[in-house]
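As structure tokens, here come the structures.
Here come two complexes built around chain A, the first alongside chain B, the second alongside chain C.
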Partner chain A sequence: MRFDVVIIGGGLAGMTAAAELQNGGLRCAVVAEGLSLNNISANDFKAAGGTLLRGDRVTGGTFGDGRLLSVCTAKLGDVCLEADYFILATGKYFSRGLAADMDKVYEPLFGLDVEYDPDRSTWFDRSFAAPQKFLEFGVKTQNGAALKNGEAIINLFPAGEVLQGISSADHDAREQIIESAHAAAQAILKRN
Partner chain B sequence: MQERNISANNFEQCQKCSLCETVCPVMANNPDYAGPKRSGPDGERYRLKNGIFYEDSLKYCLNCKRCEVACPSGVRIADLIQQARIDFNTKPPKLRDVMLASTDQMGPVAGAFAPIVNFTLGLSPVKSVLDFAMGIDHRRTLPKYSSETFVHWFKKNAAASQDGFKKHISYFHGCYANYNYPQLAKDFVAVMNAFGYGVHLIDGERCCGVAKIANGMINAATRDAKINMGAFRKSVSEGRDIITVSTTCTMTLLEEYPELLKVGNDDVKEHISLFEKFIYKAISSGEVKPVWKEGWKAKAAYHCPCHQERLGQGIFTTELLKMIPGMELTELESNCCGIAGTYGFKKENYKVSQLIGKPLFDDIAAAKPDFVACECETCKWQIEMSTGVPVKNPVSILAGALDLEKTSELNRP
Partner chain C sequence: MPVKNEFDVIIIGGGITGAGTARDCAMRGLRVLLIERHDIATGATGRNHGLLHSGARYAVKDSESAEECIRENKILRNIASNCVEDTGGLFITLPEDEEAGFGLDYQKKFIEACQKAGIDAKAISPSDAKAMEPSVNPSLIGAVVVPDGSVDPFRLCTANVTDAAMHGAKVLVYTQFLDFIREGDTILGVKVLDTRTGQESEYRAPVTVNAAGIWGHGVAQKAGIHIGMYPAKGALLVFGHRVNNVVINRCRKSADGDILVPGDSVTVIGTTSTKVPFEECDNMEVTPEEVSLLLREGCALCPALASTRILRAYAGVRPLVADDSDPSGRSISRGIVCLDHETRDGVKGFVSITGGKLMTYRLMAELATDLVCRKLGVTKACATADTPLPGSVDGRIETVSKRFEGKVSAGQKGAAGRQGDLVGKIKFATPEDKQLVCECENVTLAEIKYAVSELGVRNLEDLRRRTRVGMGTCQGTLCIRKAAKALAIALGDPSLAPKLAADYLDERWKGMRSVGWGDTLREMEFMQRVYKFEKPYSYDEI
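And then the complex of A and B:
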């Protein structure tokens, strides 16, 4: 099944970008594991003709020629979603956009490059209220596109908390997330 | 999902976020129901210690599975509730529940006397007696029985010609198409034949078991499930995929068999497909070619049934319907219609059932469609009774919109 843009994740970043892209005239699908808390932009998105795959999750993707070609989901089975562009808005640890072992932090869906400190002792501060470094970790980008093994995936744009440097603990996290979603959507709209 | 956990149903992943409660149609309308969070993962913590913590109010869950669709942590909330009902409810099912659930046993009897049964069940004194004696609500329009079952019709009129096709599928018709509404199954045969597929019955098909699970008849449901799985394996070994039309039957075969009845289906799961997905794939890959009727026009509103929401495949239905030229399709807001199989027939549930459906009925009235498109048979009863707007299965919509003769000429090998 073919779309212009597939957005992975239906949270604040995913739905914000999706609504902007769909309203910008692109045919979009959002894969949202669980209900979107962000009902206003979800309704906006659907009203503009967007496709919302609720309760489904992306299980993997096919790469080729420096691009992400398609993603498959748990519910659609052998019918995968092809698109010109993808937005990765899977969030951080709680929503499994990032995962951590004892010695590394990684992006579990595609194995994208993640910015983190290999020295585990620096990841956290014992003072609960202090800024926690592990919340700053996230996927690396080059001109907005995600990196995998040091190479840019030129049609995969991360947005929201999955990004390096955006932390939900920041006082202006919401603004940062919306801003990054807007930037990803604009990057795609400009190329079209 | 299971890989993240040590327990089945993922219950320790529950974060108490309460998103499930915001989508529970029962909780919003029945104060006696504690809601999916408390009935499911919360209650499970107590029930694991001791079964005396089982709450009788779990019977109000209509197993729509909307809580599972909403859950961001993949907790199988409705399964937890159904499992608790299986494990801890010691009350035997009432005679009414047995009768409502035994579609396989009631169908042939009622069908044999269909004109009398349909006539009598429509009479208000009879309905009052059913209400008083059995607890089947008198305000409910009861489904009609057909005097000729689909299987009987098929063997007499269609079976002989099926081997003449090059491609073949097995058809899981379900109880509804067989006993109550054979036209749906006839439409299915017509459409599949036109696309060049020979249709075959499943050897000794039994009820999928959903009504028996809901009414506490687990042993009977498990027995049926094993018979069906045996027949599916035989069909797959003969190279025939199993195509279904009912979303609820499909969800039961794919998910409830392994999760609730512990009847494994891993080896045949990939070969069971809803009609809409199967045909969508066949048309979009160029495997089959449709010829649509000239000048066919309709304004339809799509209602995605709860179990289709859970299967997550409603997109195939809408994409398939959008392929029809002359189809003006609106998608209704995702809401439960309130019937939930046998649930809404029960006197104690009638009021809640209609309250649950109200937002959907209002949406349909506002959309003013020629008909509602929906894959579910019990939604059809509920919506037609409550709104007066006819409900058509996508199979029947295709049967009407396709030029069957030209399609079958084009797809003839």
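And then the complex of A and C:
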């Protein structure tokens, strides 16, 4: 199955980017695993011809020439989703956009580069109410594209809380999330 | 001084030793004052496995401790039935133990030592062990069944304090010992500080008992007495659900992280043993190294722990009495140390009771009370071994449930399990009273009101120790706003709610920070989100 853009994640960031890309005339698919799917925007998205894979989950991807070529999902099995562009909007730890071991924070889907402090003692403030450093960790980007092993994946654009510096757990980050989704969508529309 | 500040005995320390001593002294007719600088069970009493030792662990090396344990084990099952769960215990032998010289030959020696100490230990086959406890490491090559169990130390301590008070003892929490009142070589009483009001007071008694655990070192110093104490920190991890139903131990020389105890809705692995400076005893942090070690050893007992969420980490300090020859602290006997400072140091009217362990608190209390009674010329015998604690007179849920009218709710059952036969005092008058505040542990509004009016609860940590509120799988994430508001209203000042919640969240956060990765980190993000997003610390809409 081939699309112009595959959006991984159906939360605020994913659905914001999907709507904007659709308005720009691109054929989009959204893979939405979690519970945070915005029903109103999802219905609009489908009504406008978008493909919504609700309750499915991206399990991995194929890379080549510094690009993400396709992704596979749990339910589609051997049928991969190919696209010119991808948006990664999988959120932070709770939605498993990021994961952490005892000594590192990583991006579990593609192994993208993550900005974090290897010294775990700095991750948390002693006071629950204070800002917490672990909520600032996230995927690194270069001109909006994700980095993997220090190299840009030029057609993979992270958006929302998976990015470093954005967390709605610590403060109201709604504007930041929408802004990052807008930036990712515009980067794709400009190139197309 | 006014007469009301005169007692027969003053006990310093509201841990299990002080609480047990207060109960014993009060039951022998003494006028008792118990002082505690925080809340009851805040020190080592509330920071251990909650293991009802069979004594098997000590059988090979320390038969005296083993015999004490099994005797007290049997007594506690009888007098504290509401605090004890008869889980049974296993001592397993793993292939790597055999390589390390603790194979089946050692198991034989272990069983013989147990039987000699009066502990009913018998070997079973690995397949029977797996049938008895399916979560046990399947590669085990041998297993021994022993009468281990689990004990709720908060409940046990509360029951002792409650019974002491029912026998006339005066109990002052949040009351810090400042100094002794002294005349020559005689201790006449204590100067204390009410840490909530800042008011200082004096209390007098012919005998003062130092039952302050590791902090007893500092208490004795105020009398110019040196007790060579050895603060041995023990770290533990709590897992997100009850992984095992039987206590699992390693059948080898005692080492770090080799006991896995199921308690209520969770499982606890521990412990470590490291000497720490006295200054650190007030604020223990569990280190990454301790966490790694406990996880590694825990997985050897029960491989499923590797994929189980860790709820939190905590640490306590054993009040061991020092032996300078062993730096690890493991070869010190867990034996009881009861010191008459008149004969030892020439200071009259002062007794210290220390060493020992949770399991032997009653015996420690008996020894200390015997000494106090000798000093006071009281001859009444100790009756604590045969007199059930409040809540355990007939604490079976079936019996207790009959005290309720109509259909028994989950919250009423939960309360019956925790408060035993005292549950009749909890008033479920309105439908709101039956409402659950903490859904992990089934704590109702009625039980919170009861804890405030009858159990001296002043903050959410106090409430947690009486009712287990916020101790379950969500660690308070979903109930603390409700609990804080309910508690603030019960205390008569709803405006206290944000402060109560913030203090409690900091304490929960402390336990989670040490284990903040994997699913625990996901829970931590969720917790931050619940309490900070949009309207931080707004409690109006609860």
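The rule is short, and it goes like this: the second predicted complex is superposed on the first by the 185 of 192 C-alpha atoms of A that agree within 3 Å, B and C clash if a C-alpha of one lies under 4 Å from a C-alpha of the other, contacts with A are read in each partner's own complex, and residues count from 1 in each chain.
Note that in this section a residue touches a chain if its C-beta (ideal position, glycine included) is under 8 Å from a C-beta of that chain, and two chains touch if they have at least 3 such contacts.
Note that the coordinates shown come from a computational prediction; the quantities given were computed from them, not determined experimentally.
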- Query: Between chain B and chain C, positioned on chain A by superposition, is the outcome a clash or a fit?
  - Reply: fit
- Answer with first, second, both or neither: which of chain B and chain C does A:79 touch in the superposed model? first
- Message: After the superposition on A, what does A:56 contact: first (chain B), second (chain C), both or neither?
- Response: first
- Message: Between chain B and chain C, whom does A:23 touch in the aligned arrangement: first, second, both, or neither?
- Response: neither
- Scan A:186 for contacts with chain B and chain C and give back first, second, both or neither. neither
- Message: Taking the superposition on A as described, I'd like to know which of chain B and chain C A:70 touches: first, second, both or neither.
- Response: neither
- Query: Given Cα centres, how many degrees, to the nearest 10, is the angle at chain A formed with chain B and chain C?
  - Reply: 90
- Task: Based on the superposed arrangement, let me know which partner A:168 touches: chain B (first), chain C (second), both, or neither?
- Result: second
- Message: Comparing chain B against chain C, which has contacts with more of the residues in chain A?
- Response: C
- Message: Under the stated touch criterion, which partner chain does A:34 make contact with: chain B (first), chain C (second), both, or neither?
- Response: first
- Is A:1 contacted by the first partner chain B, the second partner chain C, both or neither? first
- Item | Superposed arrangement (fit on chain A Cα atoms) - minimum chain B/chain C Cα distance in Å | 6
- Message: Quick check on my understanding: which residues of chain A belong to both its chain B contact set and its chain C contact set?
- Response: none
- Item | Residue ranges of chain C in contact with chain A within the complex | 288, 291-292, 502, 505-506, 508-510, 513, 516-518, 521-522, 524-529, 531-534, 536-537
- Given the complex with chain C, which residues does chain A contribute to the contact? 92-94, 96, 99-102, 120-121, 123-124, 126-129, 132, 134-135, 168-172
- Item | chain B to chain A touching residues, read off their complex | 19, 22-23, 68-74, 270, 277, 280-281, 284, 309-313, 315-316, 319, 331, 334
- Note on the structure: Per the touch rule, the chain A residues reaching chain B in their complex are 1, 33-35, 37, 46, 51, 53-56, 73-79, 95
